[in-house]
Every structure is written in C-alpha cells, then in structure tokens.
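Some structures to go through are shown next.
The two complexes that follow have chain A in common; it is paired with chain B in the first and with chain C in the second.
Up next is the complex of A and B:
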C-alpha cells in the first residue's frame, strides 16, 4: 500500500470511528467513552505534533512546550470570560499569541546561541516562570483558576455531544499532519533538517539559522497554543498547574518520541500507543498505582529499545520484508 | 418407572433426595431472577498520583458505606437491591476524571461520588450532567462546584465560605477570651485553588476579629523545604500562622516552624490537609496545640466511634476523606429508599429534597440550596496529648481549647 493510500485509509477510519459509537444510530454500540478515548488520542497526537515540529524536525528539544499550551489556554479564556470575546475569535488570538511567544522565546534564546540541553532547560525555565506568574497576577485569578461558563452551543465553542469535540480534535490532528508533511516537502523543512543535522554546516551553506529556528518555534508555539484553547473549551476550567504543569510538556515529548520524532506520523502513532496503554493499565487501578508502574515500565522499554520510535520499527520491518 | 432396590437401581430415599436437589436447582434461577438488580455507584478518586493517600481514604469510606448498606439488606424500597461500587482512578488529571465518568455511565451507574480535587470535580460533574446523573461531591472545597446551576450536583459538607466564616468566628472568640494576645497573622498556603481561595478569604475576614493579615505566602506542590518561609515568618513577628495546604507540606511546615523555634500564639489552619490522626500520632510533639477548623465527625456519636474502630481495625486512619465519602454514599442510599427507584431523575429529585441527618457528623438535617447542604458545619479541633479533640462547637466539644499555646 502506498503512503498516500495508507493516509487516505487512516483518515477515512478516523472519520468513521465515532459513527461506530455515536448516539442511538451507532453502527456498533453506543459509547461516548470510546469517542472520548479517540478524542484524547487525536488531541495528544496534535500536541505531540506541535512538539515534533520543533523537536523532531529542527532538533529544538524543548522541555517546556507547555509554555505555549498554557498561553493559548489563558489567552482565549481571559478574552472570553473577562472581555466577552467569542471563543472562536479567542482561538485565533490564542494561536497568534502562541506564535508571537514562540518567536519571542526563539529570538531571545537563539540569538545568543543557546541550543541542545541549554535550550531544553531554558524552555523549562520559561514554562515554570509562566506558571509562577499565572499564580501571582490578578488577571489569571491566581491559583483560583478560571471557570468558563457552561454554554453548550457550537457558537460558544462548546458542544453537548462528544462527537463534535472528536471531529474538532481530528481537524487539529489532520492540520498537524499536513504541517508535518509540508515540512518534509518544503524548502523551509529542508532548512530545518539541515539545522538539525549540523547547525554549523547549515550556517556555512548560507542558511539564516536563527531566523529559521525562530520561525520554526513560532509555528510550533502556535500549534501548542491552539491545543490550549481546545483543552480549555473542552474542560471549561484552567488553573496554573493545569495550564503550565510540567507533566504535559513530558507528555508532548513522549508521544513524539515513542511514535518517532521527526516523522510525519510518529506523534499520531505514539499518541495512539500512549492513550491505549493508559486506558488499558487504568483498568488495573484497583491495584492502586500498579497501572501507572506498568505504564512507566512499558514507556521505558519503548524509549530504550526503539530509538526511532514505533514508526522506525515499522520502517525496519518493511526494509526486512 | 422402576423403583426397585438393587445394586444399580435407585433407592426411594436417594430418589427423593435427588429430585429435591434437582427441583431446588431448577428453582434457584427463579429466586435469583426475583432479586433486584444491583444499583451501581461510581466512585472516582485519585488513588494514584500526588494525593493518592487522600484518594484511597475516600475510596475506603465509600466502599465501607456500600458494604454496610448491603449487609443491612440493601435498598429495601428496591426489593433489597444491593449497591455495587464501580471504582475509578482520576490520577489527579481532569481528562482522566471525565473519561471515568463516560466509562461508568456506560456501565449504568445511578450516581457518582468524588473527586477530592476541585478541578477534576468541576469537569467530571459537567460530564455527568450530560446524562442527568446525580453527582455527590464527597471532598472538594471550591464553591464553583455548586455554583454553576448544574442540578445534578450535591455537596453534603460545608463549602469554603461556611468553613472560613466559622473558623474566623472561633479564632476571634478564642483570642478575645484569652485577652486578645494575638494581633497579626501570616498566611501560608499552597498555590492551587484550595490554598489560594482559603487564604484570600481568610485574609479578607481577619480584620473583622481585630487581626491584621501581615502577609500571604504561597508555595508550590510539592515543596521540600520551608526554612526560608519559617525565617520570614519569624522576621515578620506574626502572632498566628494560618496554613492551607495538603498533607505533606502541612506536616513539613509545622515541623520546620518547630525546628526553627518560631514562637507563635497559635498555628491555625482551615481545612488543613495534614491535620489528621496520622500526623498527630506520628509526630505528637510537632502537632501539640495546633488548631484546625475542618470536617470532623461527632465524637459523641456512638455510630461514628464504631465506624472509627472499624476503619482502625482495617489498619487505616479515620481521616475526613473516609467519613465524608461514607456520608456521600449513605446520602445516596437514603435518596434511593425515598425515590423507590434508581431512575436518575427520580434519584436527583430525592437528593434535592433530602432531609437526611448524617448521624456521625455534627450536622443538622440536610437541606440543599443549589446543591449545597445548608445543614453542615465543620468543627474546630486541637491536637492535645497525641490525640485530636473537638474544641468547638461547644455542643460537640470533647476538650477545652488551649489558647495561646504555651511558649516553647
């Protein structure tokens, strides 16, 4: 099966999936839980893709990508709750804010030559700074968090039926895949690959390394911020820990690495594996945390023995065949 | 039909015994079929993650209540239907809590109990509202839980506002009775919604009892060292330290204040996450004279004492999560009896009209207004000689308060 045919089949399966479970006319069995799990996987894939754009395609390993996620979540929520801006417009504003913040962080760090582990740590520091700020300043309501009023209308970017959040997550995921695919085909993507493989060589070839990296981080930040708004509208409550908690940064990074960093489908495959694993192990919650231990061990095994992720495993199998 | 005796034939006695057994076996399914279907209760707690202990305690209390109802014959109005616990772990994550709601809905729950953390509770109750399933909050301090107009949400315990008002009144009364030795307060709180909300409310109300809030000091979860906070408190020369934090930070802060010899008239907490038997028994010197206004059982209730013994017999501690979750299930059981049905709408209506009195708590009859019980109240507690005593309200007091604490 060609890559194009596989993508089409995957997209068709994703479109059909919720119809198997939705409403009285469910093709298989009525199950909002199954739709919710699917939505979580697609959303995790999108967030993982946002990390992948920077960390996988350009080698900008970030430990604090939640910085952009939280900024997006707070931006649209404050605009909506504090100033009455429709969340759909807030979503655009949040995405723009994420891009601007990505550009600003990139400009500050890349201009002074920070890269590798230094860049990873500085992003972590930025995320922590934003978390502390969100806890301290009045307009975020500090630790009290912000509750978005319940208004289950599409016009308010809230839906009564979970299927619409599923399709929204699918749209985000598909746009993330399109961006990743574009990076494998475009000049910009080639610049990023050159920078990732050897930054000095890329510079010697005439690539404006700082500019391309700033553009890349802006793109990645915009994506993560869009994810932040989606989260806020789905769960209707954010606080500094939810918005800027380090565990979400780790989740974004893991999803991409487990699936295969720097590949188009890596985050999607990784998210599918992580969410499926999480749901399966959670069934063992009677054993008080055994599920989490098992989950952690499996993640260590995947990261340790599959350096190119699950996509790398598939590629190796194809080569051998 | 041959009924003769012989080696390979069947004796009359054996035939009668056999036919009785067969008849009994055939009748069994009919009897089993007549037994009412179990009523499923979804229990969503963070039994893993950074507040796992609290979540496990909540689950323990809820499961004990379910066992008690079942052992007493189940729900009589439903033909003795048993309660069945569906156990869920939110892992302290909002999205996992919501996922549990969806999963349990498909398993046919009649009601939910949870979730310990307010953010998880806020999202989970919204998810349950889609199905009109009643959700009883066992622990969850935020008043946002019951202020969004969701008719399916009920909270038996008093919320932030009531606890803070009662605590402030008690502190003012204790200070006044002692000749007003305390003039100022430093508030140390965890930086989440629970700690921040409580601290801000307290700071706003302290002037009403003649106390000045000198400073609010926030800390993260987890925090591993409070030395700087202790030094700051000493430098501020505050008379009272008020703390709102979870278990580990609560204990560490108290220990650090003792180690750093910060002499204050009182350490007073409202809904102090660490003020429980574990802390007071394991570290009696640190806990001695500390005051806390919290959810507490009625020490004069024989039923409460029996439940406490039962929990301790299991090797557990009788913490507030246990009896709040226990009460949440008992409230549902009472509503099921009155509704005479596990239908969600009827059960919700029965809960909304509840006048049930939680015998083990210092509460009056239940009266829900917008899902918040108006009949609940906390108790002011003090650690005295390695035990926890109720010092206010007077009607439930088991000891006299020591205020100010003797100088170290």
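Up next is the complex of A and C:
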C-alpha cells in the first residue's frame, strides 16, 4: 500500500469509527466511552505532534511543553469566563498567545545559546513557574481553578454529544499531521532538520539558526495552546495542576518518542499505544502509579532499543522484507 | 574579493591570530599554508563570522563584513567548509546538499534539482540516497564541498578538503576545485598537501604564529627557503620543490 493510500484509509477509518458507537443508530453498540477513548487518542496525537514539531523535527527537546498547553487553556478560559469573549475567538487568541510565548521563550534561551538538556530544563522551569503563578495570582482564581459555565451550543464551543469533540480532535490531529508533512517538504522543515543534526554546519550554509528555532518553538507553542483551549472546552474546568502539570509534558514527549520522534505519523502511532496502554492498566488495576511506572519502562525500552520509535520499527521491517 | 586587515584573535592568553593581513583577488585560487596550530582554521572561522575578531577588519565583495554572523556572511557569498567534516549525519547525501541549495531558492523542486546536479558533479551521484553518516572520509570531504557549492558562493573557504585522501582521490578533488574556479567561484584553501598547493594555487600565503609571514607565487614561496625552513620545519623547502 502506498503512503497516500494508507493515509486515506486511516482517515476514512477515523471518520467512521464514532459512527460505530454513536447514539441510537449506532452501527455496533452505543458507547460514549468508546468515542471518548478515540477522542483522547486523537487529542494525545495532536499534543504529541506539537512536541514533535520542536523536539522531533528540530531537536528542541522540551520537558515543559505543558507550558503552552496551560497558557492556551487559561487564555481562552479567562477571556470567556472573565470577559465574556466567545470561546471560538478565545481559541484564536489562545493559539496566538501560544505562538507569542513560544517565540519569547525561544528568544530568551536560543539567543544566549542554551540547547540540549539546558533547553529541556529551562522549559521545565518555565512550566513549573507558570504552575506556581497560576496558583497564586488573582485572575486565574488560584488553586480553586475556573469552571466554565455549561452552555452546550456549537456557538459556545461546547457540544452535548461527544461525537463532535471527537471530530474536533480529529480535525486538530489532521492539521497536526499536515503541519508535520509540510515540514518534510519545505525549506523551513529542512532547515530544522539541519539544525537538529549540526548547528555549525547549518550556520555555515546560511541558516539563521536562532531565528529558525524561534519560529519553530512559536509554531509548536501555538499548537499546544490550541490543544489547551480544546481541553478546557471539553472538560469545562481547569486548575493549575491540570493546566501546567508536568505529567502532561511527559505524555506529549512520550507519545512522540514511542511513535517515532521526527516522523509525521510517530505521534499518532505513539498516542494509540499510550492511550491503549492507559485504558488497559486502568481496567486491570486502580493503582494510580501503575500507569506511570509502565510509561517509564516503556520509555526506557524505546530509548534503549527503538531510537526511531514504532514507526522506525515498521520501516526497518519493510526494508528487510 | 576578500581583504583582511590586521585581524587579531586570542583565546584567553593564546594569540591565535596576530594582525593577519591578506587579500584574495577575484577569480583566483589562493592557498594558505602553515604549520600545525599556526592559526589557519582560526583565520577561516574569523573570516566566515564564526569567531569575532578582537581587532582588524574584513572586507568582502565590496562591503565590510567584520562582526557579521555566519549566516549573513554566507548569504553574501562567502562560505566555509570544515576541516573536521560536519555532515548532517542522519540526512541523506541529497538532503545535505539541498540545505545548501535552499539558500538561493525557497522552492523544493528547484533546490532538489540544483542539489542533485552539484552532487553528481562532485561524484556523489550514486550515493544520493545514502545517509551522510555512511560515507567514507573521501565521500564526506566531497559532501562538505558539495553543500558549500550548492549555496552558489562567490568565495569558497576550503579547510583541508584533501587531508586523509589517497593520491587518486586528491587528483580528483584538484580537478574538481579547478573546475569550480573556472565557473567563476574564487577559491581560498588551506592545504597541507603540497603537491595540490603547487599545482592549484596562483598565490600562496604563509601563516605562522598567527602572522602572515610570506606571500607570493607557489614557486617563489617554495624557493623562499629561509621562510619555509623556519616555519614549516627542516626539509620542507626541498619537499615542496620536488612535489
């Protein structure tokens, strides 16, 4: 099967999937749970893709990507709840804020030459700082968090039926894939790969390394922030640890690494694996730590044995075939 | 094309460049020779914007490029290669060269076409889809050259592109470099392989201890026995003459 045909088949399957479970006319069995699991996988894939744009394609390994997610979630929610701004506009504002924050963090860190593990730690520090700030300043309502009033109309970016959030997540995931695909086909994406592989060589060939990295982090930040608004509108509640919790940073990174960092479909594959694993461990046991331990083991296994993730494994198998 | 005046650069207490002054004229092939640690690579890195000189000026293509960042200097047409090759290891040979080609066109198709043409010209045609990491030393040297050439430079700074190659490979690179020049690219090269210097270069600058201590035609430099003996070690003059 060609890559194009496989992509079309995948898209068709994703479009049809919720119809198996939706409403009285469900083709298979009525199950909002099944639709939500699908939605979670697509959403995790999108957030993983946001990490992948920076960490996978450009080698900007971040440990604190939740920084952008939380900023987006708070941005649209505060605009909506505090200032009556329609969440659709809030979504645009949140995405813009994510881009601006990405550019700002990029400026601060890349201009002074921080990279590698220093960059990873800086992003982690930023995310933690934002979490602490969200806990203490007034306009986020601190640790109480913010409830979004129920208003289940599409115009208010809320939906009664979970199937619409599913399709919204699918749209996000598809746009993430499109962005990743574009990175494999454009000058910008090639420059990011060059920077990831060898910064000195990139500079020698005329690449403004700092500028391209800043642009990359802005793009990645915009995506994660868009994910933040989606989350807030789906669950109608955010607080500092939901918005800026380190576990979500880890999940974004894991999803991309397990699937294959720097590949177009890696985050989607990784999200499928992580969500399936999460649901399975939850079914097996209520122990809260179990999932995290499994994630940890999985990550060690991936880093140790599958540097190119599951996608890399498939590719290697194809080459051997 | 290039004019460096009084370029000085020190690393802590070590004076790596000590008022280096030289010119490279349009369309020439000029060599820079000198003993290990003389400051050759440091000079190239400074010219190309990788190091900021402590003092001195660098003029290139009619403008002052002193203190400009490397990408701005590359954009203006001065591009260096690295003595220790710096491939984009996990990218294919073609993608490596495409990075260079993108400096002059944002279009992928055009960049790919130009890159493939340059790579073929440098004898990398049958390795286009191999990863750069899989190349031999000779292949990597060619890749350095191909990438730089794909940026359509006015001036190429080649840092020991022949080091570690066998005589056949050296002969091939010599021919390639000459053809690049004939296409209108000025060449400034660091080389320890004297046979190549003698056959390629029209002018030679000798650097030692960070200072340019002699300048002239290869023949004149080779017969400047005092200079050569003093700075390249005993027997060097004889070796050059017989190269």
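Points worth noting:
Please note the rule applied: the second predicted complex is superposed on the first by the 304 of 321 C-alpha atoms of A that agree within 3 Å, B and C clash if a C-alpha of one lies under 4 Å from a C-alpha of the other, contacts with A are read in each partner's own complex, and residues count from 1 in each chain.
Here is the rule we go by: a residue touches a chain if its C-beta (ideal position, glycine included) is under 8 Å from a C-beta of that chain, and two chains touch if they have at least 3 such contacts.
All values reported here derive from a predicted model rather than from experimental measurement.
Model built by superposing both complexes on chain A: chain B and chain C fit together without a clash. Contacts of A:36 after superposition: chain B is touched, whereas chain C is not reached. By the document's definition of touching, neither partner reaches A:89: not chain B, not chain C. In the superposed model, A:208 lies in contact with chain C only, and not with chain B. When the two structures are aligned on the shared chain, A:144 is found in touch with chain B, with no touch to chain C. For chain A, the partner that touches more of its residues is B, with chain B and chain C as the two candidates. In the superposed model, A:193 makes contact with chain C only, not with chain B. In the superposition on chain A, A:135 makes contact with chain B only, not with chain C. In the overlay built on the shared chain, the residue A:241 is in contact with chain B alone; chain C does not reach it.
After the two structures are overlaid on chain A, the closest C-alpha atoms of chain B and chain C sit 38 Å apart.
Touching of chain A by both chain B and chain C, each in its own complex, is seen for no residue at all. The part of chain C that touches chain A in the complex is made up of residues 48, 50, 69-72, 74-75, 79-82, 86-91, 95, 98-100, 102-103, 106, 108, 111, 147-148, 151. By the touch rule above, chain B contacts chain A in their complex via residues 47-49, 52, 56, 87-89, 91, 94-96, 98-99, 102-103, 105-106, 119, 122-123, 126, 130, 144, 148-150, 190-193, 195-197, 200, 218, 221.
Chain A contributes residues 30-33, 36-37, 40, 135-136, 142-145, 147, 149-150, 160, 162, 235-237, 239-242, 278-279, 282, 285-286, 288-289, 291-292 to its touches with chain B in the complex. Of all residues in chain A, only 185-187, 190-191, 193-194, 197-198, 200-209 touch chain C in the complex they form.
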